[in-house]
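What follows is a pair of complexes built around subunit A, which joins subunit B in one and subunit C in the other.
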Partner chain A sequence: MKKTLNRTFLIIGVLLLAAPLFMGPYAQSVARSVLMYLMLAISWNMLVSSGQLSFGIAGFFGLGGYASTLAIVYLGMPPILSLVFAFILVGAAAWLLGLVALRLRGMYFAISTLALAEIFRVIIHNWHGFTGGPNGKLLPKLIFDGASVPTYLLMAVLAAGTIAFSMWFRRSKFHFAVTSIRDNEIAAMSTGINIYKTLLMVFAVTSAVQGLVGASFANMYGFVTPESSFNMNYTLLPLAMTLLGGLYTTWGPVLGAVLLGIVGEYLKLYIPYGHLIVYGIIIVLVILFMPNGIVGLSGKLLNGFEARKKGEVQL
Partner chain B sequence: MRQNKAVIGSAVGFIGVMIIILLIAKPSALIFGIQRAGLYAAIALPMALVLGIVHIVNLAHGEMMMIAAYLTYSICVAFGLDPLVAMVPTAVIMFFVGMLLFRFTIRYALKAPELNQLILTFGLAMVLSQGINLLATSQPRKLSVDYVTSSATIGNVSFGTYDFIFLAVAVIFLTGLMLFLKKTRLGKAAMAVGQNPVGAQFVGINVISTYTIIFAIASAMLGIMGAFFITKMSIFPTVGGAYTMKSFCLVAMAGIGNLPMVLLSSLVLGISESAVQSIPGGTGWSPLVFFGLIIAVILFRSYAKTAGVK
Partner chain C sequence: MKLELRNISCGYGKLTVLNGVSLTVDEGSVGLFGPNGAGKTTLIHAVLGMVPLQNGEIYFDGERIDTKKTHTIVRQGISVVPQERELFPAMTVLENLQVGAENIDRARAAMADTLELVYSYFPILKERQGQYAGTMSGGQQRMLAVGRALMAKPKLLILDEPSLGLQPSIVHELFDILNIMKKEISIFLTEQNLRESLRTVGKGYILENGHIVLEGDADGLANNPQVTRAYLGL
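And then the complex of A and B:
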C-alpha cells in the first residue's frame, strides 16, 4: 500500500512539474516560487526529523543569496557555478556554526538559530563596502538572461533533486540514526550512534540546500538586500507548509508547499498587507488539532481501510 | 550553587568594570545603559515568571507587549486619555487576553513535546504581529506626551530623567512578584506547581488553573509594560520580536526560575549595549553584540549544565 501511494505521488509530481511548461510565464513564475518554498520545507523537515528545531531558514537563505551575488559581482563567476559556490559556502558556514550550536538542545538551539539569522542580517547590513549595506547589490544580469522556461527547468531540476535526496535520506541509515536521536538520545547513543557528528552532517547539508535556494532566488530576481533576503517569510512559510502537509515525511512538505504556495499567490493579490496571518493561523491550528498533517491523517485513514478489508475491526 | 555564585560574581565584576570605564570615558552612555537595563528587565520579568512556573517558552512574548502597546494607543486616541491612565484598562484587557490564549491554545500543548510548544508559540507570534499588520498597517505610530522629555544635568552630563521610570517599574515588578510568590496562598501554590506539577496535584492544587492565572498575570504585566513602552518608543507590528529574544536571553542568563538575577543580567546587557553604541560608528553593530551575548550565555549555561550532570 505504501509503495502504491509513493508511486502515485511520484507520477502526480512529475505531471505537476511538467505542467507549468505549457502554461505561460505567469504560471511558471508561480510554480518557481512554489518549488523554492518546497525545497526550503523539505530541508527544514529533514533537520526537524532529528528533533532539532531551527528558526534560521531565512538566515541561510539570505546568506546563500549574498554568497552567489557577491561571487558573481566580484569574481565574475558564471551564475550556475555561483549556485554551487553558495551551496558549498553555506554548508561550510553551517558546519562551523553547528560545531557550537549543536551542543545545545530544544529551546536553546531554536533561539540560537533565530539569533544566528539575525546576526547574518546585521553583519551584511553594516558591512557597507563589501555587501552594499542596506541598499543591497544588483546582479549584472539574470540567470539565462531572465528567460522563463530554462529558469523554471533549473528550479524543477533542483526541486526534483531535493525530493530525491529526501527520499534517499529516508531509506538510508541516517534516517534511522536521526529518528532515534529524536526519540531518545541516550538510547541512540548506547546503540553506537555518534549523535554530534550525525546532527552536524544533517545541519550542514540542510542549511546548504537552503543556501542554494537563496542563491537561485537571487539569480532569478537579480538583486539582494538585507531586508528582502533575510525576510522572516522564508522561515514562516516553509514551517507552515511542512506542518500542514505532515512532519517527518517527504511528501508532507511537498504537498504543503504546493497547496499553500498556490493559495498564497491568491492571498497576496487579495490581502496585500498581512496575508502572512493565514500561515500563522495554519501553524497554530495544525499543531493543536492535526499534529501529523494531511499526510499523517490520510495515512491513518488508509490504514483504517486496509484493516477493514482484512476484516479487522479497528476504531 | 557554587556555579550560581560564580555567575553572580562574574556578572557583578563585569558591571563594575564597565561602570568604571564608562564613568571615565562617557558618563551619559552609562546612564543610558542603566535606563535600558530597566526596560529590558521589566519586559523580561513576566517571561521569567512564565518560564519558571509554566515551563513554556512563549515566543509570542514580545508580540503580546506590542499588542498591549497598540491597545494603549487606540484607547488613548479614542478617549483622549493619558497613556499612564490608559494603562489600567490595558492591563485588565491583557489579563483576559492572556487567559484566553492560554485556555484555548497553549494549554493543549503542555503535554506535547517541547518542539510543538515552540512551533505553537512561534505561530501565535506570527498571528499577533500579522494581525496588527492587517488591522493597523505597518506604519509606525507614536504618542507624544510632554512629560517624557524632562531632563536633568549633573556636572556637564545631561540626560533624560523620565527613562528611569523603566527601572522603577522593573523594581516594583520584582518586589511585587517576590511578595506574591512568597506570601500569598496563590503564589505559594504557583511555586509548588512550578517545582513539581504532579506533586502539587496530589496535595490538591488545581494545576491547570494555576498555570492559567500565572500566564494571565504575566500578560497583565506585559499590558502595563506596553503602556509604558508607547510613552517613549514608536511602535510597529514587528517591534516585539527583538524583545522576545532579549527577554529569553536575560532569563537564560539569570537561570530559569531565578527572578532577582534578571535585574542583574539586564544591567549586563543594557550597559554593554550602550557602551558599544557610544563608540563612533558602533550604533549599527550594537545588535550584534547583543546576539553574541545571547549565544555566549546560552552556551556557557548549557556547558555548565552538562558538566554538572556528569
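And then the complex of A and C:
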C-alpha cells in the first residue's frame, strides 16, 4: 500500500517538476516559489517529527540570504559557492544555538526559536556598516544572470535533493529515534537513544536547508532587506502547507506546498494579501476535519480500497 | 555482571527519597519490595541516571555509572521496563521491538536472532507484530515492553513493578516467563506482589521510607514473620 502511494507521488512529482520547463517564465517563477516553500515545509516537518516545534524558519531563511549575499559582496564568492557557504554557516549557527535552545522543550523551545529569528533580524537591521541596515544589500548580479530556465533547474535540483533526503530520513534509524522522542522521551532514553544529540543534529540540518533556501531566494531576486528576508510568511506558510498535506510524511509538505503555492498565486492577483485569510481558513478546516492532512486521508482511502480488493472487511 | 549501589541518597529538589541505600545485584535475580512511596521507582531512575545522586556511588561491572547519561548506561547493558507509559503507541509492535535494538551496536547486529527469542517468550507479539502498540491490551503492552527491553541484549533487565495493573492470571504467566528468562540474564525487579515475585527472585530487599529495612534470600523473606504479616497478609 505504502509503496503504491509513494510510487504514485513520485511519478506525479517528476511530471510536475518538468512541466514548468515548457510553460514559459511566468510559470517558472511561480514554480520556483512553490519549490522554495516546499523545501521549507519539508525541513520543518522533519524537525516536527521529533515533537519539537520551530517558529524560526524565517530566521534561518533570512540568515542564509544574508550569508550568501554578504559573501558575494565582500568576498566575491561565486553564487553557487555562496549557497554552499550559507548552508554550512546556517547549519553551524543552528548547531550552536541548539546547544542551548534544545535544553528546552515544547512551547518553550518554540518560543525561543521565534525569539532567535527576531534577534537575527534586529542585529542585521542595526548593523549598518556591514549589512546595509534597513536598506539591505543589493547583489551585483542575479544567479545565472537571471535566466529563467537554469534558475528553475537549480531550484528543481535542490528540491529533488531535499525530497530524497527526507525519504532517506524516514527510512533511516533517525526516523525511529525522532518518532520515539516525540512519543515518549523517558522510554526513548531507556532504549539507548541520545535524545540531545539526535535533536541537535536534526535541528542543525533542517535549519541549514532553510538557510540554503534563503540563500537561493536572495540570489534569484538580487537583494536582501531585514523586512523581506525575515518575513513571518516564511515561517507561517510552510506550516500551513505541511498541515494541509499531512504531518510526519515526505509527500504531505510537497502536496501542501504545490496546492497552496498555486492557489496563493492566483488569489494574490485578485485579492492582494487575501491569500493569507484563505491560508488561515484552510488551517482551521484541516485541523478540524482531517488532522492527518491529505496524505493521511488518501492513505486511509487507499487502505480501504486494497482491503476491499482482497475481500477483507475494513472497520 | 554486578550492579552495586553504595550508600546512595537522592531525591527531588529539597525532598530526599532514598537515604543511604546500599544494594547488590549479582548473577541471578534480585527483588526490591516495599509499599507505594518507599522509593522503588526513584531507585531505578537513579540507576539509569535519570535522577542525580546527592550522595553515594553506583557501579556496574566495576565501572562507575552514576555520573553517566541514561543512553550511555543503557548501551552498557542495563535495560529497563518502566512502570507506565512505556511504549511508543504510534509505532507497530514490530517497530517498538526494533527501536529497542536500533541504537545499540551489538544489539542491532543480533536483531534477527533476538527477535526470534522474544517471539519465543511471547508468541502473541509475533501474531500482532503489524498492529499499533497503543491498541493492545494492558497485559500485551507489558509483554511488549519486556520484549523491547530484551531487544537491547542487556546483561541486566530491570522491571519496575511488572505486575502493576494486570489481572492475576496474566501476572502469573508473566512471572513464569521471567523464571525462564532468568536462566539467560540477570533480573532486578521491584514489586509489591511478594507472593509471585518470591517464586522468581533468589534474593530480596525490603525498602521502607527510603531505607533498606531487611534483606535476605527468598526463603528467608518468605518465612520472616515481619514480612508475612505486612506483605503476604498471613
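Assume the second predicted complex is superposed on the first by the 312 of 315 C-alpha atoms of A that agree within 3 Å, B and C clash if a C-alpha of one lies under 4 Å from a C-alpha of the other, contacts with A are read in each partner's own complex, and residues count from 1 in each chain.
Keep this in mind: a contact is a pair of C-beta atoms (placed from the backbone, for glycine too) under 8 Å apart; a residue touches a chain by one contact, two chains touch by 3 or more.
Computed from a prediction, not measured in an experiment: that's the story for all the values here.
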Requested in this report: Name the contact category of A:276: first (subunit B only), second (subunit C only), both, or neither.
Outcome: first
Query raised in the report: Looking at the overlay, does A:184 come into contact with subunit B only (first), subunit C only (second), both, or neither?
Result: second
Query raised in the report: Of the partners subunit B and subunit C, which touch A:103 in the superposed model: first, second, both, neither?
Result: first
Report task. Tell me which partner A:114 touches in the superposition: subunit B (first), subunit C (second), both or neither. Result -> first
Report task. Report for A:176: first if it touches subunit B alone, second if subunit C alone, otherwise both or neither. Result -> second
Requested in this report: Considering only touches as defined above, state whether A:233 meets subunit B (first), subunit C (second), both or neither.
Outcome: neither
Query raised in the report: After superposition on the shared chain, which partner residues are touched by A:195: those of subunit B (first), subunit C (second), both, or neither?
Result: second
Query - Contact footprint of subunit A on subunit B as seen in their complex - result: 57, 105, 108-109, 112, 114-116, 118-120, 122-128, 130-131, 133-135, 137-138, 238, 245, 248-249, 252, 284-285, 287-288, 291-292, 294-295, 298-299, 301-303, 306
Query - Residues of subunit A touching subunit B in the complex - result: 48, 51, 53, 55, 100-101, 103-108, 110-112, 114-116, 118-119, 122-123, 125-126, 232, 236, 239-240, 243, 271, 273-277, 279-284, 287-288, 291
Query raised in the report: Touching subunit C in the complex: which residues of subunit A?
Result: 173, 176-177, 179-180, 182-184, 186-195
Report summary line: Given the complex, residues on subunit C that touch subunit A span 48, 50, 69-71, 74-75, 79-80, 82, 85-91, 95, 98-100, 102-104, 148-149, 152
